[in-house]
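Next come two complexes, and both contain chain A; in the first it sits with chain B, in the second with chain C.
For the complex of A and B:
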């Protein structure tokens, strides 16, 4: 600690004009085209940008930990006052052991599955120079510091016995073992649930205050960056395009790319009735592509001739705020890329139901024990309605989706009917009309599209099986289908891996729409995508739904996205619906305490730090659901014994608004008052 | 590292596809083990095809007056116990093995792939039954089983191919099943079920192309073993009957001369077997490197 204070003048990390290339297919391709930034002592610096912009590469370069084909071609990296590029292997190893630590995105793979968590943690203390006798105690103390429950027990467990949030706490504890000067966090909460993410982010903030560690925080999530960072750098195509104090940069962006990125995000309270989301058309230049002038010129709505010939400098535009743009003063006037604004709000037909689910139960067996993944779901979805489904992982969202499409049979007594007619449980027993009526868009297009089939084959086969067209007619329909999802017909012969993530998901959507379905289930269709691509996909889904007046069940962990696209929302917890109601009503207080916690946990750009509700602990195991109200173990508003003894009914508290809680709605309204104020402001 | 992946600018999809192939080819050309293996195998294939043109003598023509001559200008590899030219016999010997080994391996690969696909896709009882039978076969040593069968039915090239092929099928079935298990969990398989595809379509059109990598690698690895196994069977006298110039058979016929320090009738066929086995293994190794990228 004292050493750190003594060295307060030297920055923790100083990267100057870093250029880096990867050797791919025999040619050096430039991935980082000159990046300069400084992280001061105790400062938290955020790097944002879409995937492929070089965020992770910069982080790995900062540790000089690059794959064998990566080469730093120019620039300097000074970590803790020492020149990284002048070091040999031994010095580097020393430095990495003591001065810099890294926390990766996926804690599950960052921990060794065959070594007890405690032993791994002790090892990182020993590597950092602590004597083996002391290391055990230090490890235990560190686990307490990362606020893990039952630290002694955790020490003797294996990684797979811990939840994702606990694993990430262990990884953070390991990273802090050496009391590093610089802690690099590479998307540390991307794989976690919102409530767990909020907790882990709080923890990182607190630890930073305790240890005085400098942080390089990498995230694609601008809300997380806003919450966690003092200063932010925006990377685009391996070039720093804007840099400034976090709040200033996110509220007053001065580069068209930052402006565009911020506009892509479905903001709090934004819904499809208020207009389409803005997108950033085009693709970033690939690594190694020759760029003349401004790197963003090809996608910029404000582009002028000068942008293509002369690269702008990173010029100051405010206090510590710089933008690499010739027109930074008018950056915020960036025209909207999305033309079909403000579509007509749909009129959900009343009286008839597209899908009706009654008492849906699903018991799953896992290693001998059985648990209820779905514990009696009742749901009606109207034609033309978008029903949003939210909840943490393990809440049963995907199980519900799979039951509806007919993958995996629900328990006896469950009823699912389509347009009034009962639906056989398994897809194999359904008629062709029933099959084509309900289709699904999967989360990950890499897994849901056959890697060896060209787009034409993927779409053509779906058309044949679902509508029975052949030959020339089929060829014509394939083109129409691809056009309906705005997929260039020239791409029909491409294999999925030749397409970008957004294009791949368009193929997945086109396949689901091949049979002109009445109900499409969207299972996290945008969570694997960048925000600009997400916006385009959401716009597409909204347009398709409007044009054909079909229904969606839209599953997402991103509340902003669900709020944007949904007419009604259901909140799922441990296989039970806790709240159902119109989207704006559910998001506005009064709501179920669980919904309240979910909303509070979501990182947003609008709300600066204020009172937040945190859920402690993890979701209880579905094999042993808590008695009474299943949420009582984590509920911040638990009233007393009744919550532990009696399961509250899903009662209609207001017209169309159902809440499963013992607390009367008037009481909830009073308790959640500050939330209501926030929503209005 | 995700940052390394860039997506190609697509003028047309066809050109992108071609690009993917040239990329793979270029990678193959930079993999030395693949190149060396392919060169040696190609050499032997050419020998087999043009044996009649290359070989200086008739491989079957005995010449008792010139038996057991050491390597010289007239007989570069010397002559054997019956005065036949060793070089010519080695060249002609490539024919039998280069036909039998690939056929046997192909048979085993096709059978094993089918078993593996069915077991991995259907799971449950089907998998249980198929894999237990496979395990039972795996417990039998290939050569010993082959000897028993050949002793019972009598040796011929066809039976050797059948026996070796059947012996390989269980091994390949296990590999394919493992690959299918992870593939079958991917959502494209569910997407196929959601349009009511029949099981054979899902197995052979959807899943099979995605497990071809491991299948190809397994094929080449097994090919090396097949060359070795067939040579061993001939050596033990259960393969192609004499006087064929088969390598394994030749070694069996001539190895008694080793005691008298007459090494050439044995050494050259032995080297031939070794070179084919090693080359095929190098090729397999290189291939798996290329496919894993």
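For the complex of A and C:
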């Protein structure tokens, strides 16, 4: 600790004019085109940008860990006063063991599956120079410090026996073993639930205060960056385009790219009725692309001739705030890229029902024990309505979606009917009309599109399967379909791997729409996409829904997204609906304590830290759901014994607004008042 | 874990039963009457009928099957028609010889090929990798009888370093026995080397490219420790499963090699049985080989699940 204070003058990390290329098919292609930044002692520095802009490459370069075809062509990386590029293998190893560590995006695969978690942690201490006899105790103490429950038990477990949140705590403990000067966090919470994410972020904050570690934080989530970082750098196409104090940069952006990124985010309270989301058209220049002038010129709404010939410098625009733009003073006047008319969504027809679910139960078996994934769901979805479904992982969102499409049979007594007619439980027993009426858009278009089929084949097959068209008619429909999702006809002969994530998802959407469905289930359709692409996909989904007046069940863990697109929202916990109501009503107090906690946990650019509510611990096992109200074990507003003994009914507290809670709504309204005031303001 | 094992054992038993039905029906589908074949084409039909009756081959198929499988379960494998000794005696001797040959081949090929695969993966894309992968594949692609002949010609006849005869007196000391078994095991080594090395290499590369290996490197561990502690254990899991499965082939599938070297193992025994239409021997022999195969597969499953905590610990907690 004292050593760190003594060295307070040397920055933790100093990257100067870093250029890096990857050798692909015999040619060096530049991925990082000159990046300069400094992380001071004890500072938390965030790097943001779309995927492919070089965030992770910079992070790994800071550990001098590059794939075999990667090469640093110029620049310097000085960590803790030492020039990393001049080090030999052994010095580098020492540096990694003692001065810099990393926390990875996917903790599940970052831990060795065949070595006990405790042994892996002990190994980190030993490498950092702790004596073997002492390492065990230090490891245990570190697990306590990362606030893992049952640290002694965790030591003897394997990675697969831990939940995602616990795995990430273990990885963080490993990274802190050496008390490093610099901690690099590469999208550390991207795969985690909002509630778990909030906890992990809190933990990182507290540990940073305790250890005084400097942090390089990589994230595509601007809300997370706003919460975690002192300063932020915006990377675009391997170039730093804007840099500044986090709050200043995110509230007063001075580069059109940052302005565009911020506009893509469906913020609190934003909904489709208020207009389409803004997008950033086009793609970042690929690695190795020759760039003349400003790197962002091709996608910029403010582009002038000078932008294409002369690259702007990273010029100061405020205190510690710099922007690489010729027109940084008018960056915020960036015209909206979404030229669509405001999509006027259809008003859901009440009275009739598109989908009706009654007493849906599903018992699943896993390794001998059985548990209720869905414990009696009742739901009506009107034609033209978007029903949003939120909840942590394990809450039953996906099981509900799968039951509706007919994958896996629900328990006896469950009823699902489509437009008033009962639906057979399994997709194989449904008629072709029933099958085509309910379609699904998957989270991961990579995994759900046949890799060997060109787009034309993928869509053609779906058309034949669902509608029975052949030959010329089919070919014509394929083109119409691709037009409806704004997929360029030239891409019809491409294979999925030749498409970007957003384009792939367009194919996935086109496939779902091939049979003119009445109900489309969107299972986290934008979770794997960048915010700019997400905005475009959401706009597309809204437009398709408006044009065809169909219904969606929209599943997402991103509350801003759900709020934006949904007419009504259901909150699911351990297979039970805890709250159902119109989107704006559910998002506004009074709401169920679980909804309140979910909303509070979500990283956003608006909610202030001091108002956050924390849920502690993991979701209880569905095999042994808690007695009474299933949420009572984590509920911050638990009133007493009644919560443990009696399951509250899903009661209609206001017209159309149902809450499953013992606390009377008036009491909730009073309790949640401060948040309500803040939401409005 | 116990459930998993019981399921596997049950599955193996069902497989064996299916095998017994197939081999029983297949041997009855072979043309020709058993009694006629034994007594010759000019025998009196009544004598043939009498013999058929005494052998029991004139009874309904189902009865014959039940008698046969009942005897098999009780260890009564019947008499060999061509050797006129109990089938069990022949099989036991053959199996013993086969196990010896398999053991010698196994001891040579397993360490060699695993080491080869590891080296190839660590030197991926370099010359040594190319030599191991391309060489291994070529050797695997060559039929055993070709490599056998070449090896006999080169090692025994030209260079005279290994004895051409593989039959040693049973009272010879173990070293002499092993010495005589090296030559016939070499073609097996050539067949298996490429295969096992390839699986090892693939497993290694997957483990080397994994996130946990990256974690280990970025922890600042020396490369040796990364490979030995973090990579190998995960990389060798598929290899061990494959090796265990190959034990079945080594013991039961060596018809060509054993015939080439005139080695009296179970493969050669089966070959003789088929050419002599010695049904009791064929049936019992095939069943024995089946049991060896399934035993080896079971062993593979067990060793794999012991190494993999995901399976070992499934169902707990």
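Here is the rule we use: the second predicted complex is superposed on the first by the 679 of 681 C-alpha atoms of A that agree within 3 Å, B and C clash if a C-alpha of one lies under 4 Å from a C-alpha of the other, contacts with A are read in each partner's own complex, and residues count from 1 in each chain.
Convention: a residue touches a chain if its C-beta (ideal position, glycine included) is under 8 Å from a C-beta of that chain, and two chains touch if they have at least 3 such contacts.
As the structure is a computational prediction, the values presented were derived from the model and not from experiment.
If you put the two complexes together on chain A, you find that chain B and chain C bump into each other. Annotation for chain A, partner touching more residues between chain B and chain C: B. Of the two partner chains, chain B is the only one that A:56 touches; chain C does not reach it.
Of the two partner chains placed by the overlay, only chain C lies in contact with A:93; chain B stays clear of it. Once the two complexes are overlaid on the shared chain, A:365 sits clear of chain B and of chain C alike. Of the two partner chains placed around the shared chain by superposition, chain B is the only one that A:465 touches, whereas chain C remains out of contact. With both structures placed on the common chain, the touch criterion links A:65 to chain C but leaves chain B unconnected. Shared-chain residue A:490: touches chain B; no touch with chain C. Once the two complexes are laid over each other on the shared chain, residue contacts for A:421 go to neither chain B nor chain C. With the complexes overlaid on chain A C-alpha atoms, the stretch of chain C that clashes with chain B is 133-141, out of 43-51, 61-69, 133-141 or 169-177. In the three-chain superposition model, chain A touches chain B and chain C at no common residue. Every residue of chain B that touches chain A in the complex is listed here, in rising order: 1-10, 12-14, 16-17, 20, 23, 26, 30, 186-188, 190-191, 193-197, 206, 209-210, 212. Residues 3, 210-212, 214-222, 229-230, 233-234, 237, 307-310, 313-315, 317 of chain C are the ones touching chain A in the complex. Here chain A touches chain B in the complex through residues 22, 24-26, 29, 31, 51-57, 60, 67, 69-70, 283, 286-288, 405-407, 427-428, 430, 432, 435, 439-440, 442-444, 447-455, 461-462, 465-466, 490-495, 498-500, 511, 515, going by the rule given at the top. For chain A in complex with chain C, the residues that touch the partner chain are 63, 65, 93-98, 101-102, 104, 106, 109-115, 123-124, 127-128, 158, 160-161, 171, 174, 178, 367-368.
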